[in-house]
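The following pair of complexes shares a single chain, subunit A, combined with subunit B in the former and subunit C in the latter.
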Partner chain A sequence: MSVWVFYISTLVIYFGVDLLAGIALNLQFGYAGVVNFGFIVFQAAGAYMAAVVVLGPSGGVASFQQYIFGSRLPFPLDLVAAAVAGAVVSLVIGLFSLRRMRRDYQAAVLLIVSLIALQVVSADVPLFNGSNGLTGVTWPLGQIVGVTATGAPVIYAAWTLAIAAIVFAAVYWLSKSPWGRSLRAMRDHEDAASAMGLNITSLRLQVFVIGGAIAGLSGGLLVEYIGAWSPGAWGYAETFVIFTAIFVGGVGNYRGVIVGVLLVPVIFLELPRFLPAVGYPGLIDSLQWVTIGLAWMLCLLFRPRGILPEKRMEVTKPAGVPGPAVVPSEGGA
Partner chain B sequence: MAEREEGFGISTASPSTALPVATEVASDGGYTAGPVLVATDVVVSYGGVHAVDRVSISVARGEIVGVIGPNGAGKSSFLGALGGQVKRSGGDISLLGKDISSMLPHQRARLGLARTFQTTSEFAKMTVFENLITSGEGNAGASLKEVVLHPRKTAQRERAMTDRAWEILQRFEMEHTVNLYGRELSGGQRRLVEIMRCLMRDPAVLLLDEPMVGVAPHLTGKLIEDLRAIRRDGLGIVIVEHALEVVRQLCDRVVVMAFGKVIAQGSFEEVVQDASVQAAYLS
Partner chain C sequence: MLSQLLASAADGIVLAAIIAVAAMGFTLQFGLTNVLNLSFGSVMTIGGFTAYLANVAGLSAWLGMLLGGVAGGLATIALGRGVLRLYARRRTQLFEMMMVTLGLSLVIDYGLQSISQNAIYGYTVLQASPVRLGPIVLTPIQLFIVLLAIVILVVVEAALKFTKLGKALRATAVEPSLARSCGIQTGRVVLITWTISGFLCGLAGVVYIISTQSVDYSTGELFLPLIIAAAILGGVGSLRGAVVAAVVMGIVTEVVAGFGGAAYSTVAGFAILVVVLLLRPGSVSGGAEDRQLVL
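Up next is the complex of A and B:
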């Protein structure tokens, strides 16, 4: 296998994983207005769960790594477990953080939850092996077909893209349904939406749990490829990478999410990782974060609605309704 | 104080005092019915301050009740308590005979209570059409389960909502705005969209919080006509308004509040001549 095949396949895998994360965050933030600054926690929950249900029973303190829920689940239960973990953690966190309070407070609570979770997982070694994290995670589906994730990255890339495409189609359909429209109403004016009969708390929790499940799934896919997971992989800054992606691409527009994910986490963050080192050690890493910060600021300044803004849903007056005709404008806004 | 002892009761009476039952006929609607909304001794407190202090009101079908008073009188807090947006500290509220005192806003809305807000509350990044169909009584989007498990039923509801939305757009002559975002509308159009959105729910009671704010003078008359037309459908309307000419033209009864209490009530002509109203509000 050539280096280039491995390199491009890996970028595609990261694209698929980050696209799943972008879809989930766009549903939560772009459609429902939930400022989920703790998003990365749900991806981490899925990654840890997928790891422990693949690694087998923990060897305890005598082993080089210890963890809870150790088992060896067959495909596809590993990914189901990852999605369920993301959903359950979302439900628990959502039940106390999504009560009727202002959005900025909710965002602060979720950011704090993210910081607390990182500290707890790092400090509590029996949970998920502390700051050393978990290694040796394999790919259950690959074992069935006789390949490993890193040994056959093209297959894994196709697998990741297939899952991302299915989730994309499902979430797109949901977002365009009357339920998605209710989410946008809640985003635009909570009190008015509530006064129009929408149960805001329930809608917010639904979108939080669905987004959490997708985030968990993305974590599961990632850990089965890279084979390891530790607190170093899910700092709170990772949440802002996904936020930047949907800001740059276009909040509330799924095509924008694809563009944003391609630009921010893949081209800005992952692509330079495989390039030859330039300058002193750590320069590229620092420049990556500078670029992300700049992208966010430039976008807010010059293109606040993103490269592909949310599309206007225009209607045409149906035949039979009296009065002058109403036709959509050219292309909408 | 120009307080009426019979008919639609609005009073600051003690909790033990029975509220009179509405039995009158709306002046231009010809509608006869009992009360649709009854609030008894409603109290709203912020810290130790009673913003609304034992205010009672009863609204009949087809009746328009105006609530006026100086800034800080507690009018909007009272409306918020009726709609469920503001937590009440005491008192009872019933809608169509059902106690809604402890219900959340969306539960009250589903029972037939619709409202507008002091600052316009259009869904800014949704078109006028989307504003309407999202607010409809049969909006399937209120339930994820319904959308996922019953797509055919959802499509039927969408068609019904669409028909209703076009009907209301025609009635208010707002078809030309159908594809505009809420944020692209003028102040008056936003007010109209809010009211149209409420009508999508076929409510029993409509609460309007300063509906004429931001409305151009030439549109005020049209809005008054529209509200009169709505009342003929049998809705009870409670309107908080500072524009006294609007109140005079529109309201069957007027309640005057000051310092959280009702200081006068009666016809417009009666309350404006009341000495306490003159002192607290009109002087």
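Up next is the complex of A and C:
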């Protein structure tokens, strides 16, 4: 296997994982208007959960690291556990943070949650081995077939893309359903949606938990490939990579999300890892984050709705009803 | 048990003083412009690094503190005038302004990370042998920080209440268009508020790194949640509220840390915010989203 196969497969895997994250965040932010600044926490929850149910009981082979929930679950259960972890964590966080309050406060509270979670996991070593993180995570499905994730990256890339495609189809179908339309109604005019009989708090919580489950799944997929997970992998800034991807591509537009995920996380953050090193180690990393921040600000200045904005939803007037056709206005404030 | 409690509470007051200095600056800015400025923590870091550089250059620590404040003020004006104005002219919504400040904080933080080579710099100045008051052990500089917070509270409150500028500021915060038609130069009021709040922010950065004895690119970012929580808890624009919230959060944080829950001490601080959100969401919602951008 040549280096190039490994390199391209790795990029494809990152694309699949980030696409899952992008779909989840787009459902929450683009469709429902929930500004989830703590998104990365749910991905991290899934990754940690997948790691500990793969690593085996604590104190066994991997006794140099300590963690809770140590067990060895067979194939589909590891990813199910990851998704459930993402969903449970988002349910707990959503219960207090999704109450009716100013949108900027809500965003700030979720950002705070993200920073706190990081501090707790770093400082509380028995939980997930503190700031050193967990390592030695394997790929349960690969063990059945007899390959390892890094040994057969092409297979892993195909597997990631397959899952991403299935989730994409499911979320696409969900967002076109009446449920998806009620999400957009809530985003565009909360009071009107509430007057129509929609339960705003419950809708928000539903979309938060579904997004959290997908985020957890993406974390599980990622950790089974890279084999390790630590607080360094989920700093608050990671959330904004996904946000920038959606902003660049187009808020509430699926083609936009794909374009954004291709452009931002893969091209910006992953490609330069393979460039020759310039300056002291870590300089390129810092400059990437500066670029992400600048891209984010320029997008807000010039194309607040992204390169491919959400299409206006045209509702034609039913026959025989007087008055003008109803054309809901596009986008939330 | 009791002595441990007292000692932790005293540490809590010191932490509260640091939070309070920053939160007063934050709430002043937030109350006037209505922008939830997430780049506030980054400006704190700028103040901290300025004081560090002043120390390296051989200046006295007190001068470093002043320079840190000045750097914070200048940085805030530059960001407010140079960047946020651009967006305000394009009629960017309040919510998007918050996103802009977040992008700004990424640029500043990681810009500082690349310049500082991602290292942690020690900053040990003004450390003297501690003073003992029964179980309470505090260093003189810690006492100074508490005193500083009290002085700032009194001076700024008095200025808001009794000076012409303070009246203009309060009028602008309540109803900018009316204030403008009464002849108040709201642009100037905003500029002065940016300056004061930026100065407090830079100063908070310096006292924070004096207390932690080190500075790196993420110094302010990790402190920002405490500031925002105190400002939201205390009620937007209320200096006294911010200080009371800071005291509660500081004491809870340090008491939990003192009784063995070091990993969860900050969580305990935030638990208060969460409890208030759960019990009295109305007190935090602050009258809906129809507030307007003032820049």
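Rule of thumb we're sticking to: the second predicted complex is superposed on the first by the 309 of 333 C-alpha atoms of A that agree within 3 Å, B and C clash if a C-alpha of one lies under 4 Å from a C-alpha of the other, contacts with A are read in each partner's own complex, and residues count from 1 in each chain.
Note that in this section a residue touches a chain if its C-beta (ideal position, glycine included) is under 8 Å from a C-beta of that chain, and two chains touch if they have at least 3 such contacts.
Just so you know, these numbers come straight off a predicted model, no measurement behind them.
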Touching partner for A:D124 - first (subunit B), second (subunit C), both, neither: second
First, second, both or neither for A:Y280, with subunit B first and subunit C second: second
Partner chain in contact with A:I112 - subunit B first, subunit C second, else both or neither: second
Which of subunit B and subunit C A:P304 touches, first, second, both or neither: second
Contacts of A:G146 with subunit B and subunit C, given as first, second, both or neither: neither
First (subunit B), second (subunit C), both or neither touched by A:N199: first
Intersection of subunit A interface sets (partners subunit B, subunit C): 333
Subunit A contact footprint on subunit B (complex, rising order): 83, 85, 104-106, 109-110, 114-115, 117, 121-127, 129-131, 133-135, 137, 139-144, 147-148, 154, 157-158, 162, 166, 170, 175-176, 178-179, 181-182, 194, 197, 201
List of subunit C residues in touch with subunit A within their complex: 36, 38, 83, 86-87, 90, 92-96, 98-100, 102-107, 109-111, 113-114, 117-118, 221-222, 224-225, 228-229, 232, 262-264, 266-267, 270, 273-274, 277-278, 281, 284-286, 288-289
Subunit C partner contacts - residues on subunit A that touch it in the complex: 35, 37, 96-97, 99-105, 107-109, 111-112, 115-116, 119-120, 123-124, 236-237, 240, 280, 282-283, 286-290, 292-294, 296-297, 300-301, 304, 333
Residues of subunit A defined as touching subunit B within the complex: 174, 177-182, 184-185, 187-189, 191-200, 206, 252, 310, 312-315, 317-318, 321-324, 326, 328-329, 332-333
